[in-house]
Amino acid sequence: MSSGINWFKFSSPASFYPLAKKLAVGFGTLAVVFCAVGLYIGFFMAPTDHQQGESYRIIFIHVPAAWMSMFIYLVMAFWAGMGLAFNTRLSGMMASALAPTGAMFTFIALWTGSLWGKPTWGTWWVWDARLTSELILLFLYFGFLALQAAIDDPRRADRAGAVLALVGVVNVPIIYFSVKWWNTLHQGASVSLSSAPTMATTMLIGMLVMVFGFWFYSIAAVLMRARCIMLERERNSEWAAQYLESGA
Amino acid sequence: MLEAIDLQCTRGERTLFSGLDFRLRGGELLRIAGANGSGKTSLLRLLCGLLAPAGGSVRWHGEDIRRLREEYWGRLVYIGHANAIKDDLTAAENLAIACALGGHRVAAGALRSALDQLGIGGSEHRPARVLSQGQRRRVALARLALSEHSPLWILDEPFTALDARAVDIVQEMIASHVARGAAVVYTTHVELEIAVAVALRIDLGAAAV
Amino acid sequence: MNWGSWSEFFAMGGYALYVWGSYAVTAGLMVVELILLVLRRRGILNRFGGKS
Amino acid sequence: MLETAVFVIRRDLLLAMRRRSDVLTVLLFFVIVVSLFPLGVGPEPALLRTIAPGVIWVAALLASMLALSRVFAQDYADGTLEQMLLSASPLSVIVAGKVLAHWLMTGLPLVLLAPVLALQFDVPQNFLGELMLSLLLGTPALSLIGTIGAALTLGLRGGGALVALLVLPLYIPVLIIGAGALDAAAAGLGAGAHLLLLGAFLVMAAAFAPWVAAVALRIALE
């Protein structure tokens, strides 16, 4: 593997727990900085869009949220695969830690998408291929969360969730293309978001900075949740005892 | 030859047992003893490969059973707590299915004689739901009469719900199977002596806290 | 600077409801998620920590 | 190996024949759900004709999902599933056998019944062929994908609803292509493309679903 870094040293919760705290704090501050800069660019530097006026500024959270919702599902499937392949406890914990944040971003993408659609196309909900696929992705997240909630034994919950996540990630492209095909078949009945505003450079920069901001936020939130999961699941082990005592 | 090497089993966060080592050769009988909740059934399920060990490994002729998979399962006969009997099927049909899953076809005549050996030959064509709990256990155990080729039997509480006569029959079947050079692992709360050359015993002690 | 005054900024060219509706819910959800995480962590420490 | 699968198929069909009511409930559910729509939407033939493919397909999808819990639940309860996991032949082959038996009992009857219901929706005769063909290719794919959900949720609380939540998103491509086949046929474009896609989806599901369901079963029975 890469030089020097022994990944397996950090693959056990005991050694990853303190590291996760440092990472979470670091990425948390990075997230705040990037979001602040992104919002400043978005609101104070990016010009008014000639077609859509000011409503297009929703793009600065809609697109990052949509990208994060998809990206987190892929990362979740990655950890799920690792968990099944190497049987490491930490991979399962990471997958469980990722799901709620992913579901939140999917909901945000849908919420901001519909609020953006109303002034632009006159309806709260547009059966556009991307928005519809986003809705189905939200169902996939809820399926994963519901399955894990229904299983008491953490080990089975991780492995069953992993199978579902992997089956889901295989189906996401199939769902997207079938929805896109369905959308073009019924072109008359629905409007698609293809007419995205032509992006002035400052708009693009603002959006990309916000993407990083959301990404760092996700890492921080997921690591915080992973730490909680580690403590909950390994509370009887001696390494957890010391942290439970000191509250570090 | 069945081998357990530094075997560890956890259920949820609790460790049922760890560092368990034993070696069981053909012609030997192993009894797993221990209080309720001490992990007897979990150990048997580990030995079958139904449960993945938290630590250590189970080997059959030196090869990890998780890698042997169907090869190992083809040789194993496992009878668990549940009788694996379908209420809507007759005793004979149930037995035929059990043997088919084990990987060998059985002629109708052999089914009848196996059931006779367990003393329930008469109810061969009656749906299993009308049988008593003891009779259903006999139907499950009748599979042993058709498994003389199998080098390893793993039996979880085989004597439950059996009357004295049935216990003798099963005891005798186990003894003669071990005498044939096969290995048998079983758990029971019935204190009884099965006449075999080598009888080993592992006590898992009290329930894991 | 795009905006003459703060009130113009909040009016957001007439789209205040949509733009601020989106940003408020997004910020709100992210804050709620962090609060839930802190509460969850405190719950763990109280339930399992503390006893010698 | 295939012998064991044939044995399992015969066993499941035998069991179903001995307890015919289970099979009938699924079919009656399908008929009732389809008949509800005209009551809800109104009897105008033109409207019914346009919604017929979607209604029939959604009803078939819900009916096959309703029957899913029966694929493993009974075997799990009485211990036969454990014996299947310890069988000499690969578990995925046995699962494939069980899915085929399940489809023969629940999927195939839907295919045969759908044209009759389609007449209720005033669907012209020459589209009944496409309807049956699309269901013939679609329902086995639904059963295959559904089996994964049934295996994952084995022995869990919230059974039926949980399986639905897990499996419905994965059914969507099959629904879109299946129902779309009839719209294309109605629009005169011919359902060829859709049916080929459905066939491709079925082949992919047939190749992977039994294996994934087998993995899920081993996880469930740990």
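Here the chain labels run A, B, C and D in written order, and each chain numbers its own residues starting at 1.
One rule holds in what follows: a residue touches a chain if its C-beta (ideal position, glycine included) is under 8 Å from a C-beta of that chain, and two chains touch if they have at least 3 such contacts.
Here the structure is a predicted model, which is why all the values come from computation and not from measurement.
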{"item": "Maximum centroid distance from chain D, chain identifier (CA atoms)", "value": "C"}
{"item": "A-B against A-C, pair bridged by the larger set of C-beta contacts", "value": "A-C"}
{"item": "Separation of chain A from chain B, taking each centre as the mean of its C-alpha atoms, in whole Å", "value": "48"}
{"item": "Centre distance in Å when chain A and chain C are each reduced to the mean of their C-alpha atoms", "value": "17"}
{"item": "Chain C and chain D, separation of their C-alpha mean positions in angstrom", "value": "44"}
{"item": "Distance between the centres, which are taken as Cα means, of chain C and chain B, whole angstrom", "value": "59"}
{"item": "Two or more partner chains touched - positions in chain A", "value": "235"}
{"item": "Junction residues of chain C, two or more chains touched", "value": "none"}
{"item": "Multi-chain contact residues (two or more partners), chain B", "value": "52"}
{"item": "Chains grouped in pairs wherever the two touch, ordered by label", "value": "A-B, A-C, A-D, B-D"}
{"item": "Residues of chain D touching chain A in the complex", "value": "148, 152-153, 156-158, 162, 165-166, 168-170, 172-173, 176-177, 180, 183-184, 201, 208, 212, 215-216, 219-220, 222"}
{"item": "Chain B to chain A touching residues, read off their complex", "value": "11-13, 52"}
{"item": "Interfacial residue positions of chain D with respect to chain B in the complex", "value": "3-4, 7-8, 11, 14-15, 18-19, 74, 78-80, 82-90, 94, 218, 221-222"}
{"item": "Residues on chain A engaged by chain B in the complex (per definition of touch)", "value": "87, 152-154, 233-236"}
{"item": "Residues of chain B that touch chain D when the two form their complex", "value": "48-52, 70, 73-74, 76, 78, 80-89, 93, 97-98, 100-105"}
